[in-house]
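The following block contains the structure, expressed as structure tokens.
Chains here go by letter, A, B, C and D, matching the order in which they are written, and residues are numbered from 1 within each.
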Amino acid sequence: MSDPLNHWIVTLVCPDMPGIVHAVTGAIVEAEGNITELQQFSGLETGNFFLRLQTETPADHDRLHHALAPVIERYGMDCRIDRVGRPLRTLVLVSKAAHCLNDLLFRQRSGQLPVEIPLVLGNHPDLGELASFYGVPFEARPVTNGDEKAAMEARILEAVDEHDIELVVLARYMQILSPELCERLAGKAINIHHSFLPGFKGANPYRQAHQRGVKLIGATAHFVTSDLDEGPIIEQNVVRVDHTRSVAELVAIGQDEESRTLSQAVRWFAEDRVLLDGQRTIVFQ
Amino acid sequence: MSDPLNHWIVTLVCPDMPGIVHAVTGAIVEAEGNITELQQFSGLETGNFFLRLQTETPADHDRLHHALAPVIERYGMDCRIDRVGRPLRTLVLVSKAAHCLNDLLFRQRSGQLPVEIPLVLGNHPDLGELASFYGVPFEARPVTNGDEKAAMEARILEAVDEHDIELVVLARYMQILSPELCERLAGKAINIHHSFLPGFKGANPYRQAHQRGVKLIGATAHFVTSDLDEGPIIEQNVVRVDHTRSVAELVAIGQDEESRTLSQAVRWFAEDRVLLDGQRTIVFQ
Amino acid sequence: MSDPLNHWIVTLVCPDMPGIVHAVTGAIVEAEGNITELQQFSGLETGNFFLRLQTETPADHDRLHHALAPVIERYGMDCRIDRVGRPLRTLVLVSKAAHCLNDLLFRQRSGQLPVEIPLVLGNHPDLGELASFYGVPFEARPVTNGDEKAAMEARILEAVDEHDIELVVLARYMQILSPELCERLAGKAINIHHSFLPGFKGANPYRQAHQRGVKLIGATAHFVTSDLDEGPIIEQNVVRVDHTRSVAELVAIGQDEESRTLSQAVRWFAEDRVLLDGQRTIVFQ
Amino acid sequence: MSDPLNHWIVTLVCPDMPGIVHAVTGAIVEAEGNITELQQFSGLETGNFFLRLQTETPADHDRLHHALAPVIERYGMDCRIDRVGRPLRTLVLVSKAAHCLNDLLFRQRSGQLPVEIPLVLGNHPDLGELASFYGVPFEARPVTNGDEKAAMEARILEAVDEHDIELVVLARYMQILSPELCERLAGKAINIHHSFLPGFKGANPYRQAHQRGVKLIGATAHFVTSDLDEGPIIEQNVVRVDHTRSVAELVAIGQDEESRTLSQAVRWFAEDRVLLDGQRTIVFQ
């Protein structure tokens, strides 16, 4: 049975003022839409207003946009209209650790993650076989000096253009991106940090966690910014540990949190649920 | 600095159809309201639509109701308008166990729980001193036979009328309410069940949990219905246990979950966040 | 640097009485062992005593057993000596759902799960490709009638003998085992139940959970017994859900819990950490 | 029915070497003890060995100590023998926030916390009424300048002597202790930090957490050291939050975690379950 209706996601950001919801929903009514999901938030610090709705309507993209256009103009909105379930074009960067890539690919194939992955780029060849099992093209390029790093970053930007990439996922990619690349990918690159943030900064957070005897370890998915590990936080998880765990065991336990935290953040982003409010994220779950 | 604006909660339930949000927000605009929070849900099984919003507006209750009246009528809405933060008039029923009552009273005094408690009724006198510390009137009535039970239930209903009670909380009240009383209190009585539900039914769930060697124990806050422990679930929590725990330790551990689960459910109810959709609850957190 | 020491796990079960730990550790001293981990538990209901220790020692298996033999005899012990990290020979049964098998195989390859899997048996061919990617033999046999079911069960027992199987894992195997097979595999077959237990019994627990509006859903790993879903519980996990989740979403969310709960239970079993005390499990984490 | 047996907790710390458990349990056998609980741990970094056991025995303290004395001497042990369930003499320091004190006092009265509290000291008078309800002496002393601070610290030390205090609990005590006092109370003072640690340091961690948009907030109970918020961690908990929470709501949510985290740490300490291994804690749960 084909569904004659279109299902759209509409996200809107603008300065907060009265009447926005009424105006937006009026446009939806005009486009014969039924609203199936609606969430809003007013950021008190920034004065921004955020709205995400899903609607089912006979209207196509152009008609829906046409109905919304006067509202968008009146309120100075940043507006995005997307089809529910459309797979987001996603580039994945990896090094040697397989757990995050495995989780992303398995969920993508299982239909739990609305992304399509035209390419996985690694600075090591190790994960080629895994990508290949899932039918995803894989390229490895060594990054052992400044020239190779520049070449890799050029390749990343080229791939972004070539495949019209909407999201870059750093799935335990063990290279620091240059400030220029961070700038170019601002708001569309997600990293998984192998620690609860704020927390132990820099190298080997699990060793630091062990030395302090922490009772919970975790992982944080955040937007990539040039300020390392300081980008807006999208999702975090922790798990309980005790004094008997070695550093190696903490690493293994942490990997589970890294996988599920990154996949969760990617899914929310792909469903247009993650919006930026200054240094904070709005996540409309 | 006094705030010249009124802050209202509006909750609406009606059959789902297109245009509701637009119509409702139009009425809010007419009442010069700014919407600070809005959540909606369409129950696919029941075909019901649920909406809760908070608005700040110069309008008083009558003016706001007047603006909403045509919408209420057009859509056949069940509508409730309440002031944000107004304390809900709450009757608490107890037996001997102090943990839930203590948690409710402490949070109420700390300003975390928007309720006022004109009376605590117990079938044992044990908790009188605790109620008294918090300045809450307490009455104890023994319930050891059918006549005493009928008298207690009559007193409950009398107290509900006398204090214009909006919520009855069974805070580890160890008496089964009669079907008639359940009926009279339908939708405004919350019980805390000393187990995760669905789960071990009937007496001594912790002993059953121990015998089965469960690894998690929990608590469930639910609406009271005449079908024991089968009322709509409002909130649940669990905590991890292991084989070393005795039944007595499981009971102590479970009490923490009971307290916080019940207080959470009461808070959400007092903030008009809990709506009924057949046998399910909608909880607009 | 090779380690000249052997690392052994010793597990002991016997009727509880004073002096056991002293006697056992005396035997370890005699075998020149250093105890690196030791846990014990006395089951009050059954009167059983349980002990698990790890020791590093120059002694080989025979010498260690020789040292323990008088103690084993004196206390009537059920004793097991195993090498730390030895992969457990494991048979996995599957149907169509891939998430549990994928998790087991990925963790096995990553070195997080001390098992070796000589065979995966399915009643559908769907998961053959996944097993093949991990280099694990796969056999599919349809089970659509009584004869085919009997043939499958005969094949399971044959495989158990052929590969000297120590553990059978039902990784979302959607067939009920016959009482005879349950009996034959008693204490060495683990099932993952797609629900928190005790809970909704029988078919489609997620639909039941949805209808009741539960706020937490979960998964339970338990030993297989002929009493369906009533075997001793090894591990349980839950995750929070709310009213917005459809049955299909509950299923997807539940699958994460199923995977990690099953893998955790398998790991503990493979490390000799799971002992039976009547209907309860002792899990020495 | 009186129990003719004594129940003792024995904790031991010494340099790790083979044979310790055998020697210790031999002494327990000599004292006719049955071991009901035993946990051990070898700290690889420090080379220390830790053991905690519970035993039921006809032996009194002197006889048990006599049996253990040769073992203690041979291995150079730090040994502590304590009666199971003996209430620990505990001094509580407070300021204005009531939630932690309320939780400690309620649990103490309910029999969930094996402490006795001869005195609560506050730098504000606000919590006197609460202490009084639980029948606990309360003293308030203003701390608004250096002299008053010195006087308060002198009073703390005096109270420690006067009541033979074994544990000092900083239950949201908003004064920084002098290095001298920290030194004097080393290993027997527990603080609750109103944040997950490592985390936002210094003032107003909730505001910082809000600005960063963290998705989990928490609390950490740790030993007091002169290095502020850097003492060995005893227990940590977190709870999920989202972008809708204001700073004030984060504070309220965090208070629940503070109360239960502090009470948990105090209970473990009072049961002799918390041992120090350099900068880490061993917690024998």
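Simple rule for what comes next: a contact is a pair of C-beta atoms (placed from the backbone, for glycine too) under 8 Å apart; a residue touches a chain by one contact, two chains touch by 3 or more.
Here the structure is a predicted model, which means the values were calculated and not measured.
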Pair sharing more residue contacts (C-beta pairs) when B-C is set against C-D: B-C
Far-end chain from chain A, centres as C-alpha averages: D
Distance between chain centroids, defined by C-alpha means - chain C, chain D (Å): 37
Inter-centroid spacing, chain C versus chain B (mean Cα positions, whole Å): 41
Chain A: positions in contact with at least two other chains: 37, 244
Chain contact topology (line, ring, star, complete or other): complete
Contact set on chain C toward chain D in their complex: 17-19, 21-22, 25-26, 28-29, 32-40, 42, 240
Residues of chain C touching chain A in the complex: 37, 98-99, 102, 106, 110, 112, 133, 244, 252, 256, 260
Residue ranges of chain A touching chain D (in the complex, touch as defined): 41, 44-45, 196-200, 208, 210-216, 218, 232-238, 242-244, 246, 277, 279-283, 285
